[in-house]
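Each of the next two complexes has subunit A plus one more chain, namely subunit B in the first and subunit C in the second.
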Partner chain A sequence: MGLVATVMAVLPLLAPAYHVLLMLPFMAYAVILLGLNLLFGYSGLVSFGHALFIGIGAYTGAVLTTHLGVRSLELILLASAALGALVATPVAALCVRYVKIYFGMLTLAFGMVFYTFLLKFYRLTGGDEGMQVLRPTLLGQDLGGIPKTDYLVGPYYYYSLAVLVLAGLVMWRIVHSPFGLCLRTIRDNPTKAEALGISIVRYRWLAFVISAVYAAVGGALLGPPTGNVDPTLAYWTHSGNIVFMTLLGGFANFFGPVLGAFVFIFLQDTVMSVVPYWRLIFGAILAAVVIFAPAGLMGLVARRRPAEVAHT
Partner chain B sequence: MMLRAEGVRMFYGDFCALDGVTLAINAGEFVSIIGPNGAGKSTLINVLTGALRPSVGTVRFKERDISGIGPARLARRGMARSFQLVQVFPDLTVVETLQAAVVSRLGRGTRVFALLERDSEVREGALEVAELFGLADKAHTPAKQLPQGDKKLLDVASAFALYPEIILLDEPTSGVSTRDKHAVMEILVSASKRLGIKSIIQVEHDMDIVFGYSGRIVALHQGKVLADGPPEEIKANEDVVNTVVGRKAGAFERGA
Partner chain C sequence: MTANLVNILLGGIFHAAILFLVAAGLQVVFGVQRIFNLACGSFYALGAYVGVTAVRAFTGAGGPPALFILPLVFGGLLVGLVGVVVERGLLQFVYDSDEAFQLLLTFALVLMLEDVIRMTWGTAPYSTSGLYLVYGQVTLLGARVPVYNLIVIGASLAIAVGIGWLLTRTAFGRIMRATADNREMAEALGVDMRWVYAKVFTLGTALGTLGGALVIPTTAAMSEMGIELIVEAFAVVVIGGLGSMRGAFVGALVVGVFRAFAIAVYPELEMLLIYLIVIAVLVLRPRGLFGGAAV
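Let's look at the complex of A and B:
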């Protein structure tokens, strides 16, 4: 891990700006997926509605910078996390009473409600045109004076990297905590977990809320690089994309989803530059992953190094 | 009085699975519930463990009504159970399974940011139970790779790791080879003494085991308590011998 972090730290000095820019959505998605996998990999619940929380984070940044004059990225991230948790609290309470396809469908339904809200509340959200995200200040530094690319490949890149590392460390502790162990008991055998006094609904609820906070924080990081947010961020296909990334990387491994996000972003970029039908290609890849590598790319790596994954 | 079922009746549609069962379990007792298939044993277990709410009657544990409160709350109040069809966490190792039980007992499951491996109380609690059940050398084996007999032991051991006051074992030796059954029972009895478990209730078909270990036997037949008393009294009860013990009469004579 240290090696990967080092490479990422020196990357802006070596790689062309174009690739460094691609790292920005990757890092945002990595944060989102670390959270999603607490639900997917560690709790066994597949959400098709987490774009809702990505949308909340992204629009929090947009509304704060354009309507309310708040430019500090720290405040934006904190507000996103708080709003994500606030919305997730009742949504999770309803969703976690169901499992499997019913859970998935319910999360999908809530996602669609929020998408429609973004589309229809034109005055607040700009409808289908979306909203601008003004360039946020980082740690109180107003960096409005430098060109946009310099801002993104420099300070913003390192800021995102710091958020990702912090989010990763916190999630590492969560999955290795007593709470993380309880989630795995529920995933493996809910009947037995309850017999051991572990309340299924309570733990799933908490996992859902934590994953929503991660999605909102990651969502807030997605806005500034493009300078724009629109309702497709909250659309259900976006929820599908992050599930795809998780499957691609492998949900059974802590780092699997992060790898999935990385491969997805760079593969999408490559494929889009060659053919316009990237979804066609990605559909075929998804089918191949599910059939031939259900443990994802990390599963392929881990087959050679079985000791690494044993205690995820 | 630890656990008391009073006038419990349970209907499934028109079918009456339990027909007025009254039963009291005291601290320090080892009680076996026996009966032919369809006598209502499973239903009684589910009622006693709060999984089912009886159609009529009450179930009280430590003076509080527990009908239908559900397994998780009951476990936290001090009643644990193991299952007839073995229940383990396939991808969790032996020690992780036991740690989960200890975490639950200590009420530490919502410690979201604490590192489990640094919690010595949880680690030692899990190891202690693993040793009591002879599972220590398999501590890091995932449950799905254990032989059937060890899965059964792990299911029971994790219930013991809750340090319950009363434990309900649904056929603890089913699926265990005849040769090992007594070894398993010895482990259960000594572990319950070690961990301060006050009462054991078991459902068991093997009359050797029933008569060898019980202080009291409750015989169920067609949803009613046919007999309730110490082993000698049950053995002398012709009704029980005919309906429950049946052709195995010879076997229990040897075991007794």
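Let's look at the complex of A and C:
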């Protein structure tokens, strides 16, 4: 981990700006996936609607910077987290009453409600054109004067990295706490967990809300690099893609989803520079992962100790 | 006023007829194989493109326009055979996997088929222009309705009856219902599961591709039509109840007609209303209106 951290810290000094720019969506997705995996890997619940919370975070940034004059990224992230939690509270309460396919369907339906709202309520959300995200200030520093690329590969890169590291540390604490242990117990044997006095619904609900907060924070980080957010961020295929990333990296490993996001972003960029048909290739990759390597890339690397391979 | 109402209602029923076909494909696969096939929308799109291509080739070769429905249906059904390839080539490996993996495999299909369509037919809308008006229009209670739409509604009803007959009156239908009820027992009684699964999945696929082929004369094929339709078909099966054929029928009517009225009255509400109904049904009655019935 130390090596990875060092590489990421010095990357903007060494790598071409183009690759540093690609690191920005990677870090945003890494935050989202850390949260998603609390639900997918640790709780065994597959959400097909998490793009809802990505959309909430992204649009919070857009509304705050363009309509309300709030430019501080700290405030944007806090507001996104709060809104993500606020929306997730009732949504999670309804969804966690179900498991498996019904859980997936209910989350998908909620995601599509928000997507349709973004698409149809044109005056509030800009419809399918989406909204602008103005350049946020970082730690009170107004960086409006420097060129956009310098802003993104410099201050914004390190800001995102700091958010990712912080999010990672918090998530590490969560999954290694008694709470995380309970989630795994519920995943592996719900009947036993209940007999032990663990409130299944309450634990799943909390895991859902935490993962929603992560998705909203990551979603807020996605906006500034492109300067624009649009409804496809909340579309169901986007939810599918983030589950794909998690599976690609390996949901049974803490760092698997982060690796998955990295490989997904960079591979997508490489493929798209050659042919426009990235979906065909990625669909084939996903099919291969599902059939041959359900434990993902991390599973291939760490085949020697399949310690916590989950609900396969 | 009446004319307007009839127009909206018939538009809704036409949409419901198409939705029913796709949803029936989804239901039959879920009922027997326990796989929620996200790619059913992609099959629908594939059927649409093949349908347009077949019709264009037919009229291009000098076929009489009034018979365009023949190549349309033939093309739509033929491309349903892609179901065998998908089932034997991919799905058969995940029957013992967790539901999440099955779902993701069908999602992989969604991604792949979308690009297959883009590679084959490009991104521009693709249509048979006004060919469907060759059958003319009739006036019903003051509303002018294309005869073609009525043919599609009739065909969909006939297929619904046909599926009912297949399920309840034929040996294969009994085998399907037995498999849906208890796979191990059916297998122990000598049913070759590979054969049943291949046939059921192909049937499900062909229903979707036929739906796509039938809708396409009235609109234009676009590469996103699949991923857009799957969420509507999804709403249909949730409202009706997963795995139930009667559910697919009623769910399609509910979604089709509600959507038509929402578009006419308050367009912003279009799909929002449908998803709110879906959530209400899932929360209040998770098995749907007709859930629990075998297939």
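Going forward, the second predicted complex is superposed on the first by the 303 of 312 C-alpha atoms of A that agree within 3 Å, B and C clash if a C-alpha of one lies under 4 Å from a C-alpha of the other, contacts with A are read in each partner's own complex, and residues count from 1 in each chain.
Everything that follows uses one rule, which is that contacts are C-beta pairs under 8 Å (C-beta built on N, C-alpha and C of every residue); 3 or more make two chains touch, one makes a residue touch a chain.
Computed from a prediction, not measured in an experiment: that's the story for all the values here.
> Of the two partner chains, subunit B (first) and subunit C (second), which one does A:F282 touch, if any: first, second, both, or neither?
second
> Quick check for you: in the superposed arrangement, does A:N189 touch first (subunit B), second (subunit C), both or neither?
In the superposition, A:N189 contacts subunit B only.
> Determine, under the contact definition given at the top, whether A:G180 touches first (subunit B), second (subunit C), both, or neither.
In the superposed model, A:G180 contacts subunit B only, not subunit C.
> Is A:S199 contacted by the first partner subunit B, the second partner subunit C, both or neither?
In the superposition, A:S199 touches subunit B alone.
> Of the partners subunit B and subunit C, which touch A:L161 in the superposed model: first, second, both, neither?
A:L161: touches no partner chain.
> Who contacts more of subunit A, subunit B or subunit C?
For subunit A, the partner with the higher number of touched residues is C.
> Contact-wise, after the overlay, does A:I210 reach subunit B, subunit C, both or neither (first, second, both, neither)?
After superposing on A, A:I210 lies in contact with subunit B but is clear of subunit C.
> Could you pull out which subunit C residues touch subunit A in their complex?
Contacts found on subunit C: 36, 38, 90, 93-94, 97-101, 103-105, 107-116, 118-119, 227, 231, 234-235, 238, 242, 267-272, 275-276, 278-279, 282-283, 286.
> Give the list of subunit A residues in touch with subunit C in this complex.
40, 46, 48, 94, 98, 100-102, 104-106, 108-110, 112-113, 116-117, 120-121, 236-237, 240, 243-244, 247, 276-280, 282-284, 286-287, 290-291, 294, 311-312
> What part of subunit B is in contact with subunit A in the complex they form?
So the residues of subunit B in touch with subunit A come to 70-73, 75-76, 80-83, 87-92, 96-97, 99-101, 103-105, 108-117, 119, 122, 155, 158-159, 162.
> Could you pull out which subunit A residues touch subunit B in their complex?
170, 173-174, 176-182, 184-185, 188-189, 191-200, 202-203, 206, 210
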